[in-house]
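Think of it as A, B, C, D, E and F in the order they're written, each chain with its own count starting at 1.
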């Protein structure tokens, strides 16, 4: 159900049957020496395909640019403002609604996009109360992640190019990972980073937040499968709701 | 030179050597029964790869959403406003400049994007006079197209899902074309369509502007190769200019 | 039918009878040594009066400022951004609609305004589907211009202060033309001018694109009369449409 | 010194000598049965010509659209938002500054424009501290108006299509006045009109605020000549200031 | 009736009974050596409380930031743009309307806010024609002020930190006044200050426009009581209107 | 150090000595039957005073309006958009910087403001790299809160009008609390509330998220004192940084 491979003559009926559009959204951003700049895009895209299979959803083409303010000064990062991202997503949402979709699930591979996604979702919801818009960033994986990780997290909410994210890539897109370059770099993130604008170059040279060497496919699998299960449940719940079966 | 497959540790030096970023930009839009919604994305992407090879450029991830005002009411189309598109492209351009790129070539597969691309290019140029921004939509192919086509064009500047565009797809992305569904649908586009807002449903049901059945890989090849040659020349010219060798 | 000479007590009924508003829109822009800065204003205004006579339309006061990005660095040019122009035209359109007009024809004397006019027209059309908004820049004159011109055009779409535009002025506003100062200046416009931001000072010192000396009133008359005929037809067509007679 | 009649080859030196641009700005607005919709445009334009003669200034083409919120529901009014007007005037100011002007005098015929003119002036002043921007609406005429008028003013700051404004027109543009249609209509403007949004249809049917029958050319002359003297002084003062002679 | 001291369970019915919200709005701005930076906030707030008592209105929390362009370069001033202020007030108005309020009275202690308040009021009025929005700056006090003042006003519309405003503070908030520091500083405000952007440092060092030493509580009382009476009448009038009793 | 009580003549030197401005920012929002609508304002304000005493900072007047999207449909809530809030805060920051402040600490009493505060801080930081902007919402209180609370939190990040927030009020502003009205209302917040726009009326009628009856002054004191200590440390750290002593 790759949306852009459909043709206009047949897609209308298929939209009516499915009603669910999934948008993978990531970013182009520095991810250390062993992961590609497009890491968040590959993760979002591959998870989206898996979720779509299980929910009968269409996967839209990946939106591969995101808000990477914190890492924008690292080599290779391309930064989009929240304003641009919100504006684009609202436009897209309007079109999707007019096309007949009633669930719009944004599967997000990059934490920095979270603010824009939520804001865009609210704007669309105000305009179309019967439109369910979801913003999904590895939902419900806190517990499994704690269980899986061998090293302490560098930060309460950030994880980046580390044991965890590298494991995701080993499970979902290992062809883009070069474990021979993986490093251990546990930064000391100052408490002030949560309360004042703090470009990451102030506390890391590598953009790796932890021990990437400990990443394994198995760790990734455990967390990602939980994330996918949760996404499927949330999308099914939204579908029930718009179908009035809930 | 797929940009998002690079890693942050090595990309800086490569950017300094290349200085050229190519952005494929297309759209999700109705293209009749035989071509996929993502036709413009596939075309932009494949041409970009070819051009990058010959110019030593990086290919950025495809921006797969565009301004499709005219066809937005056809099944499957997703429309983005000019404002959103301009804003996003200007953000990207700023980032690319800061990353060290000095040529930003937008290879465009969808005519409806032309206004936004030009406006974004001008805004970036005002901000960075030493930044060459190109917006490329099959440049210099007018003559070869006239030679190649067997049917008269439906319109002076539009071509869509017709003999021409279908030939492009047969040459560049034939795995997405289903010629068994190709149709002949030559609309009578009223003169007023050039001077007043005219959604295409006013003159076509199929969104095909011509005789898609006459499309061949060979026709596509002839035009596309001219387009690619011209793009390469224009990018090389821009590179010479920023290098002061011209 | 000069709109601003009407009085408020009588104009309401007249609007109901006519329903057509014509806005001449031009620019203040360098036009070489022999044509005034206001050339595009004079052309738009005089054509508008002629078209209004034949269609029973009101002529609104000329909007004399336009988007002259390409020539903004030439002495005398005054440049307005697309954003400002669009915003102003949308405001005007809303007022005209509320006043009872149902056809809003923008007669444009300056190519640089074309993008803003089309965008404003689309925004108004989205808001008022029964409002016909036309943007008219010498429509349907391609053929007659080819026939009339003695020199080759410098560019596929631009013409400026040349054989053609000077002929327009000789026919419509010769009191502002000083043919004794007319020059021949055939620039070599690089192919890149169509694909990258290119202020015209990069290829011309005079802003004249051709041989102004060859201009004659007769040439102007031939083209302008075709343009006026076409405008009249397009406006009549729009009127029929809003009156449901088509 | 009609700016749009100048040519690009000679205007540069003239701008350097003069440095002063005058923009007449008015509106299209209901002015009762005896005055035309374009009253404010004619007044602004004719005063501008007189002021230009005495100050060596250039007169730019009249901006004939303004903010007429209060009267926008009267037949014939065309309303522009403050936002659009500010944006356009700031664009113009930037261009005028870049062209070499150092005094930008907006001669305003319509009180409703005052807010936008002042705001635009402040924005330009912030950007270019050595740019003098003036917004002139019959400056310094309070006393002479009190002396001249035979009827009490309907309102502390508004006057409209009344004894006073009609006198202005009789002095400056009598060819557009039809005194045979002049009426006496002294509305009772509620005190609340100064403190809450109050479209004028709430207190007048005619849009005439007073006794238009008492208007005479002589009354107009007395006030207008004071206004012009004051404008000349203010512009000369601004010129002295930018020339450092003050 | 301090709105923020109400609780959510009981406030709904109270809003239905009252329907009137009063917003005190002031500024943080230089007021000479004897008055505090928050002078306009204290005045707006205390007057609001008095007016609320007499009209059964709710007093909202004071909005303590305003547009102080003219004095923004004086120590202690905090300046907000008109755009920000308008946007905030429109948001607030929408919420108040949705909460059931039908009269929104902005009691303004700072003249510089007047433009933003009026513009916000118009935008809200366009959206909700049955919503009465009032912007109140010492209404109807011109005559009493003339009677009370011993010194001539420095300017037709401005008064600041002078005999008048200091008297207001002595009557309403004397605990914040230090009369031992009061000064006499009668600036010569140039005529051009009304027609060109003029930061006040161009004509005053103290920001006092007059003789603050002459201020008395009694003078303040006389004017303020007139202002309050007029505000009460205007709000009662608005209430009658929305209740259809007028 | 109440900023608005300072006078303009003395404040300049004091700013130079302190360099720190604290903005209390809250909201008007439903807080159940026992807490006032202005709860977040009172909390922000009282904490700000305490922090200011210990850091030598100025306390600016409280900004009493915030983004309360989630609760905007509850009686008494007044909602401001993120856009308006960001715009206002950026204006304020610019003014504070120009006035000589180098630390701008926003002490926030309402979680809904967090997005706008962070975005405004980033915009200001981009403009003034030597300006430290802090957004502080009970920093570093996670652990102590876990220790103090007797009931389980209803949600990972939200707390509202519950055991915790009521305790804050009992410690800091008990005169506004009516414990006789305190209720126990433990809602079942669906998992989807974190991933799709969910106005709180979907899961609570009271807006109380927990057991307000268990609130005590002592619990409030324990958490608030930790919060204040942390704020003081963060502000001192910022001050050291701008003073180059760190």
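Here is the rule we go by: a contact is a pair of C-beta atoms (placed from the backbone, for glycine too) under 8 Å apart; a residue touches a chain by one contact, two chains touch by 3 or more.
It should be emphasised that the depicted structure is a prediction, and the values quoted were computed from it without experimental measurement.
Novice: If you tally contacting C-beta pairs, which pair wins, D-E or E-F?
Specialist: Looking at contacts between chains, E-F has the larger number.
Novice: Given the pairs D-E, C-D or E-F, which one repeats the contacts seen at A-F for over half of the pairs?
Specialist: Residue-number overlap above half with A-F among D-E, C-D or E-F: D-E.
Novice: Hey, how far is the Cα centre of subunit B from the one of subunit F, in Å?
Specialist: 49
Novice: In whole angstrom, what separates the CA-based centres of subunit A and subunit B?
Specialist: 27
Novice: Two-or-more-chain contact residues of subunit A, please, as numbers and ranges.
Specialist: Residue numbers touching two or more other chains: none in subunit A.
Novice: Ring order, please: subunit C first, subunit D next, then the rest.
Specialist: Cycle of chains, anchored at subunit C and oriented toward subunit D: C, D, E, F, A, B.
Novice: Which residues of subunit A touch subunit B in the complex?
Specialist: Listed in rising order, the residues of subunit A that touch subunit B are 3-12, 15, 28, 30-38, 41, 60-65, 72-81, 83-85, 87-88, 90-92, 94-96, 98-99, 176, 178, 181, 206-207.
Novice: Of all residues in subunit B, which touch subunit C in the complex?
Specialist: Listed in rising order, the residues of subunit B that touch subunit C are 69, 82, 115, 118-119, 121-122, 125, 132-136, 139-140, 191-192, 194-197, 230, 234, 237-238.
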